[in-house]
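Each of the next two complexes has subunit A plus one more chain, namely subunit B in the first and subunit C in the second.
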Partner chain A sequence: MLRYTLRRLAWLPIILFGVSAIAFFVLRAIPGQDPAAAIAGQGATEVQLERIRSDLGLQRPVVVQYFDWLGNLVRGDFGHEFKTASSTGATSGLPIREQFMERFPESFQIIFLGLFFSVVFGISFGILSAMHRNSPIDYFVRFFAVLASSIPEFFLLTLMIILPLYFWNYSQPVGGYVPFYDNPMHYIRLMLPPALIIGVGGSAGLMRLTRTTMLEVLLSDYVRTARAKGLRQHTVVLSHALRNAGTPIVTAVGTAFIAVFGGSIIVESVLSIQGLGQWFFISTLARDLPVVQFLTVYTAFIVVLVNLTVDLSYGFIDPRVRYS
Partner chain B sequence: MRDNRLGLRYWTGQRVTRRRVLGGAVAGGAAVAAIGLVGCSSGSKSGNGGSATAVATGTVQDGYQDGPGQPGGILRVRGLAVPTMNPFGPGIFALAQGLVLGYTVFDHMWFVPTDTGDVELFLATELEQPDDLTVIASLGEATFHEKGPAPGRAIDAEDVVQSYKRFREEAPIGYSWLHDVMDDIVATDDRTVKITNRFTWAWVFTSSNAGSPITSSIMPKEILRGYDDLLRTDAIGSGHWTLAGHDNGTNEKFRKFANFRNFQNGRNITGQPFLNGVDFKEITDDNAALAAFRAGEIDTHGFTSRNQMDATIAALGDRIVTGSDLSRDYLNLMLHYEPPFTDERVRKAINLLIDREEAILLLNDGDAVKCGPMPPAHKRYVLPDDDPDLQEYFRTDVQEARQLLEAAEFDFNSELELKHSNRPVDSQLAQVLKEQLGRGGVQVKLVQEDLIKWFSQTLNQHQFQMTCFQHLPYEDPDLPLRFYLSAEGDRPSNFMDYQDADVDAAILSAAKELDEEARVEKVREAQRVVMKKYAPMLNVLSAVNFGGRYSYVKGSIVGRGSYGGFNRTTWLDDAGRRQEG
Partner chain C sequence: MATIAGRPAAAADAMSWEIPRDKPLLVRVGRPWLRNPAGLIGLIIVAVVVFLAIAGPYISPYDPRQLDAQSRFQTPSGEHWFGTTQFGQDIFSRIVYGARLSLGFGFAITIVGFIPGTILGIVSGYFGRWVDYLIQRSAEAWGSFPLLPILLTLIAAIGPGLKAIIIVVAISALFSGSRLLRAVALIEKHKDYVLAARSTGATELRVVVRHVLPNIMPYILVGLSSVFAVAVLAEATLSFLGLGLEQGEPGWGIDLAQGRQRAAEYPHLVIFPGLAISLAVLGFNLLGDTLRDILDPRLRGTT
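Showing the complex of A and B:
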């Protein structure tokens, strides 16, 4: 197990290196991506553009720029924003590290709450559906799962804004994060609906997988034996069946996390929450390459880490699985 | 040639109404909304659940129409993200920043309201023009905000000079006036600023020039050198608002500056601003903004259409006041000056194919007006509706267009490329134009690009055959005409690469005419020359904007352009607000 873990961890920097290289070079290969032009604005002369490129080090070979950036990244220097630099490039923008630390908590809360609802809805409705196969509950859950996976999150968000407005003149709070301890009610109004929406989106796959897996397990001999022994229904389902259905479900939780992670970009942008997703969005539009590069690598890091955690958890969930 | 050294680049230094800036598109909607909406007309019918006016009211209100202002209260308005707080930041982002902080946190020597065109003195108490090239401004007494490296210090002339010079050094968007028209700016003593121009320039005080909300902002000289960290995160000026806080350039909180100067244009303005502050709420989504307005979470709102306004009136009745105003922005079709568009017959044919009335119906449900070379909101300078040249310019005739194209041996088999940004207004305009040009046999292929690429590459580097877009709402009559000038300063050509000596002469003649009445006539004559040549920026329409505010919001300045948004006379009627809860 330890060897397996170490081997997987050893792959982490290699994957991140690959992702960082792709992000770096692809961003520079796309036509119309000259940050100097975006910074200087209209009518800038070639001399002005050259000066900006020189100040930002953009005139150097791309490979040299890449390894400089990577070296700084490894040392914990994430670079500086372009969009807050001066227009001549003479003074640098805000440090990305500071911006990241400032925005991370808001994104973390949305993702955490979204994942929480995703797991709760996905697993509980999946179990319920399996236990009441071909009943109205089952049909409802299956319909709900198809609906949740079919409707884009931005549409649900728009409905979330419009419907309460027309029925109750109620407005979903937007624009400005308020910590829970400052104003619990505002926090709940702000965070709960979007977390529910991205949770619903992430739960669809989990719901269907849980149902399928549980159906299979509930029909197995050892579950029949457990029932024959007179065990209570919830003991049979939660202790015997669910545990044995756990491996694929945990895999789906990992996938749901990634879906929630992506959904947070849309939620933050629509609801004007100053998190990492909104930062990524505006930085992409602003051609702020250092921010986009960093956030791409950060996202890759999170995805790899989640997958690693999921893989390692198999051994704990199912004793039959051993990595040696 | 010196005459051409006007140094004013396009999209530079112009005033932009805060509700419409860039259609919310730059950097996720790089601009700003809403404080300008405080200025939505209250002159229209509104109360008792009545309907709003169908067309722009054109009403001008000076802010005193609701009686004496009550002090206190925080106004809540919609805002969009400002990607940088740095006033010397990257071009288009500095524009967005300047539109939030100019004339609010930063003070200025003067401003020129759109409706009068007269210079209104702010920090300057006296203006003198001893000759055609010199402007001497005497400054009144005022102090900077109580923060930063010069807390509460009295403003002197060197602050003004150093601020202008820093903007000139940085030269991002809109600042070429500082390079090419202005020769120098000096402080002749503690209270006097002297500006000398390189040549006679009649528009010197306007918002595209030395009255820019961005580049004429006055900051303490200490902060201009060595305090870039502070400039990136805070804004320190001497305006009526202090910046009390913001979230990465959004959700700005402005609070009343207690020591704000007490004079303006010879009047005593002690007690202004009446409000204790303004809170911006970043709301990127139009539906969310409407919801916030209807739920009473913001006090003002700019409607996306008249239908939306009418629905809101139906829901809220006389709790709100609504109105309309003719927008200063305008839609246009731009042709690159290369074959086939070097042939005037082809340009005329394209113009004849544009059905402006149909476009108004399709794009604005009828709530717009036709637009010639000068946006119709500039009433003082625009040609009268019955002007024969203007009527000819607005004429649609598919048959004649076809004949002209045939005479010009236009290749009907070729497909012309029409590039446009992904802003909804630009995309819709492109669709309409494709359809209309198609009626004359002109085949059009639409190419959509994201706004930043379109702006920095397609438009700025003139990489298009045809492009169409919504111009920013320029607050002075100077800029719309200068788009047709062959060259300006270090910019060798205009967007279209169009060159015409007659057009240049007409526009420059107006720009150098210091007599106001004569200049108005010359501006009109320049428009006629532009139209007769079918200069390849064919303007289509200007929309009517609709706005609303709760009836407890009073004393707003209306109909004076975006400057209404910076007004200090807005006040909140306590009783009305309490009633709203």
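Showing the complex of A and C:
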């Protein structure tokens, strides 16, 4: 177990190195793309471009730039934004690290709340569906799951804003984040509706998987034994069956997390939440390469970390799991 | 990799009926299909979308790009079935042309991504070895990443437009196609008819092309419907964010984004494009799910 964990942890920097290299070279080595022109804006003279290039070290070979960037990244210097360079006249923009720290909490909350509802909806409806197989409840849950994976989140979010306004003249607050302890009521109005929508979207896969796994487990011998002992239904289902269905369900929770994480880009952009997803989006529009590079590596880091956590959790849920 | 020693006895799901092999494929798949309302709904939706895409120019009452200052923001009426946009364009006509665009995009993905993927999958499942290992590990690595950040990174590099979306979605389709068909090929290659074909002295290539391929056609359709669902959704999402189709083009995602500013007064601006995307994706999902359930419940969750 310890050896397995260490080996997996040793892979982490290797994967991140690979992703960072791919991201850097895709962003920098594709011809016809001059970061200096993007910074200077239209109508910049060749002399100005030359100055920006030499200030930012863009005239050096890409490989040198890459290792320079990577070295700084490892030391905790995430670089500077491009986009503010021209407006302030300085050679480099705001430090990425500060921006990250500022934006992280909002993203974290929206992702965490969304995932929370995904897990609650997904697992509870999945169990319900498996227990009442081929009943109207089951059909409803299954249809709901297909629906939830078909309706795009950006459509639901748009409806969430416009329909209450159209019918009841209620305006859903958008943007303008307020911490919970400052104004709990406003926080709930701001965060609950989008979190529910993300939750519905993320729950579809989890619902189906919980249902199929529970169907399998509920037909197994030890569940029959537990029933024969005269245990109550909810004891059998929740402590015998669910525990044994744990491994695939945790895998699906990991998948839901990744889905919610990716979807946060849309949610934050639509609702003007000043989080990391919205930052990714506006930096893509502005071709702010250092930010895009950094967020790509950050995404890879989160993805690898989630997968690692999921794999390691198998051992805790199911003692029969052997790591090799 | 974590392995599970001694999984609980896998109880078969009730859906795993054996389809008699002596009937023609259409009967084998068709009969359980008609018994399944979800499959029927999916089939109807997809048929309508395909019809709109093909018959587009003949059935759309107006030019989808035609601006008309006289008829801006009209609500649905006999003249304009789905109303008009803020530029006076007929929304129904735009939806019809949007079907064309979405399906066209799906076809592009199928040709550059999914079909090579199926070939790759059959080859790796059927012949195995290091090719198989390499493809599977790459598919796993790619599949663990969310698509949207990858798309944004590529768009930051090569600029917005359909090119970036096609590249990323095609790679996804390549891997999902190869994964699905690999799983199918692994099961098929041990079947009796393959052995029979081999014993007559047929070459491996002939066995795959003439015997295995016709037998796995329905699985290819399963993969295809999920490819279309993902493609439609990806194009709509990126166009909605303003990173896909150019402004003014009749795409569902674009119309939804453009209608958003005035949607609180005129909800029809976003409701029809939104419904178009949702229904099309729903149709493809239902179609794929039903087909997969009929064919083989074991493949659940591989696409």
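Just a few scattered comments:
Operating definition for what follows: the second predicted complex is superposed on the first by the 312 of 324 C-alpha atoms of A that agree within 3 Å, B and C clash if a C-alpha of one lies under 4 Å from a C-alpha of the other, contacts with A are read in each partner's own complex, and residues count from 1 in each chain.
Simple rule for what comes next: a contact is a pair of C-beta atoms (placed from the backbone, for glycine too) under 8 Å apart; a residue touches a chain by one contact, two chains touch by 3 or more.
Here the structure is a predicted model, which is why all the values come from computation and not from measurement.
With subunit A as the common reference, the superposed partners subunit B and subunit C clash.
Once the two complexes are overlaid on the shared chain, A:Ala23 sits against subunit C while remaining clear of subunit B. Shared-chain residue A:Ile258: touches subunit C; no touch with subunit B. Looking at the shared chain after the overlay, A:Phe301 reaches neither subunit B nor subunit C. Contacts of A:Val174 after superposition: subunit B is touched, whereas subunit C is not reached. Between subunit B and subunit C, it is C that contacts the larger number of residues in subunit A.
Applying the stated contact rule after C-alpha superposition, one finds that A:Ile282 touches subunit B and leaves subunit C untouched.
Look at A:Gly315: by the touch rule set out above, it reaches subunit C but stays clear of subunit B. In the superposition on chain A, contact of A:Ile151 is made with subunit C only, not with subunit B.
In the superposed model, A:Gln48 makes contact with subunit B only, not with subunit C. Contacts of A:Val217 after superposition on the shared chain: subunit C is touched, whereas subunit B is not. Residues 158, 161-162, 165, 269, 281, 285, 287 of subunit A touch subunit B in one complex and subunit C in the other. Touching subunit B in their complex are the following residues of subunit A: 31-32, 34, 37-45, 48, 82-88, 91, 93-94, 99, 102-103, 158, 161-162, 164-165, 169-177, 269-272, 274, 278-279, 281-282, 285-287. Residues of subunit A that touch subunit C in their complex: 23, 26-27, 30, 33, 134, 143, 146-147, 149-152, 154-155, 158-159, 161-163, 165-166, 208-209, 212, 215-217, 219-222, 244, 247, 258-259, 261-263, 265-266, 269, 280-281, 283-285, 287-289, 292, 295-296, 299-300, 303, 307, 311, 314-315, 318, 320-324.
Every residue of subunit B that touches subunit A in the complex is listed here, in rising order: 9-12, 25-28, 30, 79, 81, 83-86, 88-95, 169-174, 176, 228, 232-233, 247-248, 250-251, 280-285, 287-288, 290-292, 294-295, 297, 315, 449-453, 455-457, 459-460, 490-491. Residues of subunit C touching subunit A in their complex: 1-6, 8-11, 13-14, 38, 144-149, 152-159, 229, 233, 236-237, 240-243, 256, 260, 263-265, 267, 270-271, 274, 277-278, 281-282, 285-286, 289, 300-301.
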